[in-house]
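To keep things clear, I will list the structure first and then write my remarks on it.
Just so it is clear, A, B, C, D and E label the chains in written order, and each chain counts residues from 1 on its own.
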Amino acid sequence: MVEDDSWVPGAGLLKDYQDPGTPPGTLSAAEGETGPSRMIVVSYGADDVAVREWTDPSALDGLRGDGRIHWVHVIGLADVALVERLGTVFSLHPLALEDVLTLGQRPKAEPFDDTLFCIVQYLAYRRQSLEKTQLSLFLGAEFVVTFQPRADDLLAPIRDRLTQGRGRLRHKGAGYLAYAILDLVVDAAFPALEALGDQLDAIEEGILEKPDQEDIENLQCARRELLVLRQVLWPQREVMGRLAREEHELMPDDVRLYFRDCYDHAVQALEVSENFREMASGLLDIYLTSLSHRLNDVMKVLTIISTVFMPLSFLAGVYGMNFDRQQPLNMPELGWRYGYLGFWAVAIAGIASMLWMFRRKGWL
Amino acid sequence: MVEDDSWVPGAGLLKDYQDPGTPPGTLSAAEGETGPSRMIVVSYGADDVAVREWTDPSALDGLRGDGRIHWVHVIGLADVALVERLGTVFSLHPLALEDVLTLGQRPKAEPFDDTLFCIVQYLAYRRQSLEKTQLSLFLGAEFVVTFQPRADDLLAPIRDRLTQGRGRLRHKGAGYLAYAILDLVVDAAFPALEALGDQLDAIEEGILEKPDQEDIENLQCARRELLVLRQVLWPQREVMGRLAREEHELMPDDVRLYFRDCYDHAVQALEVSENFREMASGLLDIYLTSLSHRLNDVMKVLTIISTVFMPLSFLAGVYGMNFDRQQPLNMPELGWRYGYLGFWAVAIAGIASMLWMFRRKGWL
Amino acid sequence: MVEDDSWVPGAGLLKDYQDPGTPPGTLSAAEGETGPSRMIVVSYGADDVAVREWTDPSALDGLRGDGRIHWVHVIGLADVALVERLGTVFSLHPLALEDVLTLGQRPKAEPFDDTLFCIVQYLAYRRQSLEKTQLSLFLGAEFVVTFQPRADDLLAPIRDRLTQGRGRLRHKGAGYLAYAILDLVVDAAFPALEALGDQLDAIEEGILEKPDQEDIENLQCARRELLVLRQVLWPQREVMGRLAREEHELMPDDVRLYFRDCYDHAVQALEVSENFREMASGLLDIYLTSLSHRLNDVMKVLTIISTVFMPLSFLAGVYGMNFDRQQPLNMPELGWRYGYLGFWAVAIAGIASMLWMFRRKGWL
Amino acid sequence: MVEDDSWVPGAGLLKDYQDPGTPPGTLSAAEGETGPSRMIVVSYGADDVAVREWTDPSALDGLRGDGRIHWVHVIGLADVALVERLGTVFSLHPLALEDVLTLGQRPKAEPFDDTLFCIVQYLAYRRQSLEKTQLSLFLGAEFVVTFQPRADDLLAPIRDRLTQGRGRLRHKGAGYLAYAILDLVVDAAFPALEALGDQLDAIEEGILEKPDQEDIENLQCARRELLVLRQVLWPQREVMGRLAREEHELMPDDVRLYFRDCYDHAVQALEVSENFREMASGLLDIYLTSLSHRLNDVMKVLTIISTVFMPLSFLAGVYGMNFDRQQPLNMPELGWRYGYLGFWAVAIAGIASMLWMFRRKGWL
Amino acid sequence: MVEDDSWVPGAGLLKDYQDPGTPPGTLSAAEGETGPSRMIVVSYGADDVAVREWTDPSALDGLRGDGRIHWVHVIGLADVALVERLGTVFSLHPLALEDVLTLGQRPKAEPFDDTLFCIVQYLAYRRQSLEKTQLSLFLGAEFVVTFQPRADDLLAPIRDRLTQGRGRLRHKGAGYLAYAILDLVVDAAFPALEALGDQLDAIEEGILEKPDQEDIENLQCARRELLVLRQVLWPQREVMGRLAREEHELMPDDVRLYFRDCYDHAVQALEVSENFREMASGLLDIYLTSLSHRLNDVMKVLTIISTVFMPLSFLAGVYGMNFDRQQPLNMPELGWRYGYLGFWAVAIAGIASMLWMFRRKGWL
């Protein structure tokens, strides 16, 4: 579970940052991102829906103002020109675009003049560790623009619901689409939490069976992931709370009602992660007591052995002494007919009484 | 107390959840629920009361508007059609109905257009562990609709009070009925807390008598249950606080007064559970010091034995040496008349002085 | 200090509670209370004062409205009829009366129509443990009604001040009387805290001199009492804060000023108890380090003994071997003239150098 | 650092208190104070200043209303008559005067009709321990009255600034004088914190060099002082915050600006003390790991000695056996020419290989 | 990492302070600062920019009011006359100037009449430890004045951006310049956090490989630096929050938008430092369990050795006894033909069965 090179203390905790002193709003490709970006445009009204994948953003100019809702989803954050072009077409604020291109952002919701800008983190538990994928969303009057780094298309389920015309999605405007997307991200935390719970379960089983140093490293690893989790879930809860509470012209009242539900889920995910943290520290307690127990067990064995054999060895040593047997008082036992048998009788009686005492003390 | 398969870290902490991306308001049978639902309808005014158990919800249509108060209690959450039908008859919001069918919800109180929707968790300590049963309640102008999963009918005591016409219940409207139900749920926490207190008591006794690994597992188990408890009691307190504080047209002022009482109980239950948590961590301290004590005891025995017999064994070894006694300076003690007796005198004096020293040090 | 049967984890933490489902406002005798109640009535104005002890509450009817202030103090909570009668005479709310008869209530102040209702807990440190006695108080325009369970009369000092006509008490109305009573209860915490501080002091002394398991049980006991203390002092502070802050027609401004003083005392009592909790957990640290120290000491003795005598025993064993001395190379030392003296010289030199080394290491 | 009789757990934590039931506003000499009080009166305007030391408070009557500002500083809290006389002259509230005469008060600022009343604690680190001296201050339109218990005159530096006419002090009214006094008290915390920091430093050094039980007692002592510190600094910060924030007729806006500075200092002192608390608990961690290390070291020595000499002693024991050498298979080694040398060769090889193994394990 | 003389507990935690009683607004050279100060004046408009380094502040008089923005950056805090002169020219408040000359201030933002005054701390990780450099900033209508102690010029990157005319900096007024400077300081925390993360990483690696006392000292050192970090980052976050939230005439709305971004970064830096603190305490846990493990390992070796050789030594001792073999029952084994071989057979069988048992127990 612990891979040496990926296990940096700050990994996942520290966001990418630009050199201090860089002018704000300077756009540059997100760290680690390369290659061209994909741009998937979904235009829909109550009666029709069109999904197109474009590479040239200039086709976007004609779109706005035709009464339909346009959702532009960009996958890949290396094509700065595309991001700038989208910024111009939809009047997105440069500071927000800078945040889009800086990974590891804290979830937040911020109103700009005509748009509402949200950043959230999509959590997934893959390849034995927690991964977070940054999703940025701009909500305007008749459009939604979303960005994600190169990876699997996170929002495919939403697109499927749009094309299949299921539910309220096609009828309720851009705000409801934004809700659907954010709801997906919030709910994605639950399978991740479940996986993390299973991991804690496995560690606990390991500790109860046979505690070793590896368990403690896995536990430390899980605690680190819980820190990352909290760092994401705490502000995410706040984002949903703000969207559910604060009135905004782009967010009609009936959509705000749905965000209330979303907020509940965010709170619950956060609570579960906090409880996992308590459980993780409980596991450490089990671990330490378990080590203490084992030490006690080891020491009992040592003490029993010593207590039994030290007096006996002394006795054997006594009868191995070379006192001059010419003197009548020197070691007369050695000459007795049943001396040797007597020695064994004493030895066996000694062992038996010791063992009986230890059993009474509960050491056996 | 610890059964292997039921003891999953996340058990009771994580709520059931739908696959991320599922459209909101999609109703499906609650996890683990099967079979038909029971529906018990109580219609009452000041002077009359009727209790009927129906299976066909269509009979409900005729009920509303006859000036009496109708309370529909549904047991079992697998019959989605019934839930939907009730939703239509009483205009319940689809998001709320989705919550009804998802178990493990966080307690909450939410106003929808014409109804007030509450979710609470009924706590009970059965078969050595804490169980929570989700109870959902819709309060309307002249009706109350409640849902619980398949289990014993939780609300039978309320129905009994209604049919026996005791107290204010028959005279004070739907809001008071809702209060009576929620009050029952809040007060159910006290017997559960008492049982948990007994469990902690048993663990403490075990630890003080003879600490073993099983105690620590039981303690961990109890701490987990306290986490679940807190997860329920904390928001439940908030729910009662809101109902006592916030004005709502469905909740007349004199009923709000009763909720203040209910809020006090919820606060008290929460405080007790927080104190139990502190006590549980105090038990861990006792446990660890107890282990330390035992280790000290074991080591003292070992040290006493070694300190007594190691020098004596050395002495016996000395007189077992084979130096050539032809040389007058080699081991003359062996030829002395009282050599052997002298050896024993030294040995016994050594043992005695050691024991005296240990007694003075307080090791005996 | 620890008596087996009284030392239940939940003792003092959990309030008495009625069976869930009991209709609110159902009056029944408080748990553990029996026998008749005493009722002491003090009627006073600026110029006269009368103290009477009645058993029949019907005499109360004529009292109200004569321009004097009436203080009814009831000792004993088993006489439900008396409580109900008082409720009728002074128009006390049934929910409040139910709280009066349920012991272990959380301190609170609640306005009802014409009365202000307070519950506080009188703390006292008696027979080696902290006891709390519930005092309920109703403040009306011209009356004060107080209740306490059967025990010593807690409010005798106030009655003495009234009859002796000292201070402002006779001139300032019912609100000031209520203040005097609550101030007495708040200040009672200080002697109790002092006693608890002495107890912690005794435990500390015990731990520093010779830590044993009993100390830790006493400490656990004290921590439990600190939990009870906090459970009382925290809401009591809030009660005083509300009375000092919130305007109420029964509480004139100049009396509110006095409650500000009372609030200060409540805050201070709470702070002291919080600091005691920190000190108690500091004692646990001392205890654990002390155990560790002792283990180290024990192990040093064992190690010193073993290190000194194991090599010597080996040497004695060597010269006890029976190699055939016909062969010239076999154990020639045994035939040397000063062999035995040499052996002792080596042994003593070994012991001395070991001891010197241990002294240098600081183990002696 | 630890003196037996002064080291009571509650010392410095619990305030003095009057017997519960004492009427409020009852003045009695402060605990531990005896002898006559000094009264130093400074009267000043922009152009003149007069310092007089009076014993008879009746001379105060003529003072008020001459357009100058009068500062009365009382040292010693046993002369109740003087305090009452001052109360009459300057219309000070009896409740406030009671607080003046009760030592160990929580810092607070309270407005009374025409005066502003503050209590603060002057901290000093003297004779190896933290001392707090209670300073009470009444601010009126044209006067300031201050009280301190018998000790060095705390406010001499302010009087010096007044007589030397330095700075703004002579020109800015009574509010600025009050600021100067409170600022002095707030800043006095910094040298005390520095001394406490030095003490922690000394403890740390002691622990790192050679941890013994005394260090832990000193540490416990320092933690106790940090508790006292927090108990003072936390409300003191609040006092300054209120004075800087809340408008009051006696406190002109430009003086409030100075209190903002004072508030900053109070916050900083509090933060430093909180950080010291974290450091103190860090020292405990170092201490415990240090003990653990030493135990490990001791046990390694024991184990190395045992592992080396137990097998060798066994071997020596074998060749000390008395099997009948007539039988050719019994112990032929004893008759070999190089038997004894072989024994030593085996012994030395055994020791060497053991030591080599221990070195590889890092135990040496 | 730990240098003796620089490692004072309070170092970096306690601010410099003046003697209590010093009149406020008394200017004196900052502690540790000597020599002349540098003063770099940048005057710019949209079209031109001039950078001059002056030593005589009187040249500043002619500057104000020419429609350009003037930024005066002072390096070195020993030249009190210069600071006073600047105070006169730009009407800076004496209390603020006193703060400028007192190092170790808590970050804060305070409005004075015509200026906005901020203090922040520039963090850098140099020579194995965290350093903070105090930067003070006055923002006026058409000027910015900044101060830093003698060190590398922290604000060179801003001056470069100004002279190169990049970005919005030349066009957006003094408020934007202040933003650029504060943003630089906030972002400087990230490289420092990264370095601290690397340090924690190194400590963790050390602990996992071979825990020794030095690791724990380094860890303690890192925890101390995290305390300093928190002491800076917490109020810095607040400063940015105030600037982003509160309206101020010197701070136009579009600049406030940029401060929102700055606030986000400050929050993130704080969160990372809090998580580092949790990780540091997790490292302590690893360390302690690791010590426990090692102790267990050592004790197992000791116990195995003792358990194997003590019984064998006893057996060898038995056959080294000198019972008189004339008596037929005394030690007949010694005379058996295969006695010696039998002894070895028993010994080897004993060792083998012991080892097998230990392997089964998992001790090998």
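Criterion: contacts are C-beta pairs under 8 Å (C-beta built on N, C-alpha and C of every residue); 3 or more make two chains touch, one makes a residue touch a chain.
Computed from a predicted model, the values in this text were never measured in an experiment.
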| item | value |
| --- | --- |
| Common touching chains of chain D and chain C | none |
| Graph distance between chain C and chain E, where chains that touch are linked | 2 |
| Same vs different contact residues, chain B with chain C, by half of numbers used | different |
| Gap in Å, rounded to a whole number, between the CA centres of chain E and chain D | 25 |
| Chain B-chain E separation of Cα centroids, rounded to whole Å | 41 |
| Where chain D touches two or more other chains, by residue | 288, 292, 295, 299, 302, 306, 310, 313, 317, 320-322, 331 |
| Graph class of chain-chain contacts, one of line, ring, star, complete, other | ring |
| For the chain E and chain D complex, residues of the former touching the latter | 8-10, 13-15, 17-26, 93, 95, 99, 105-106, 108, 110, 112, 210, 212-213, 216-217, 220, 223-224, 227, 231, 284, 287-288, 291-292, 294-295, 298-299, 301-302, 305-306, 309-310, 312-313, 316-317, 319-322, 331, 333-341, 343 |
| Contacting residues of chain B [partner chain C, same complex] | 157-158, 161, 166-169, 180, 183-184, 187-188, 190-191, 193-194, 197-198, 200-201, 204, 208, 257-258, 260-261, 264-265, 267-268, 271-272, 275-276, 278-279, 282, 285-286, 288-290, 292-293, 295-296, 299-300, 302-303, 306-307, 310-311, 313-314, 317-318, 320-324, 326-327, 329-331, 362-363 |
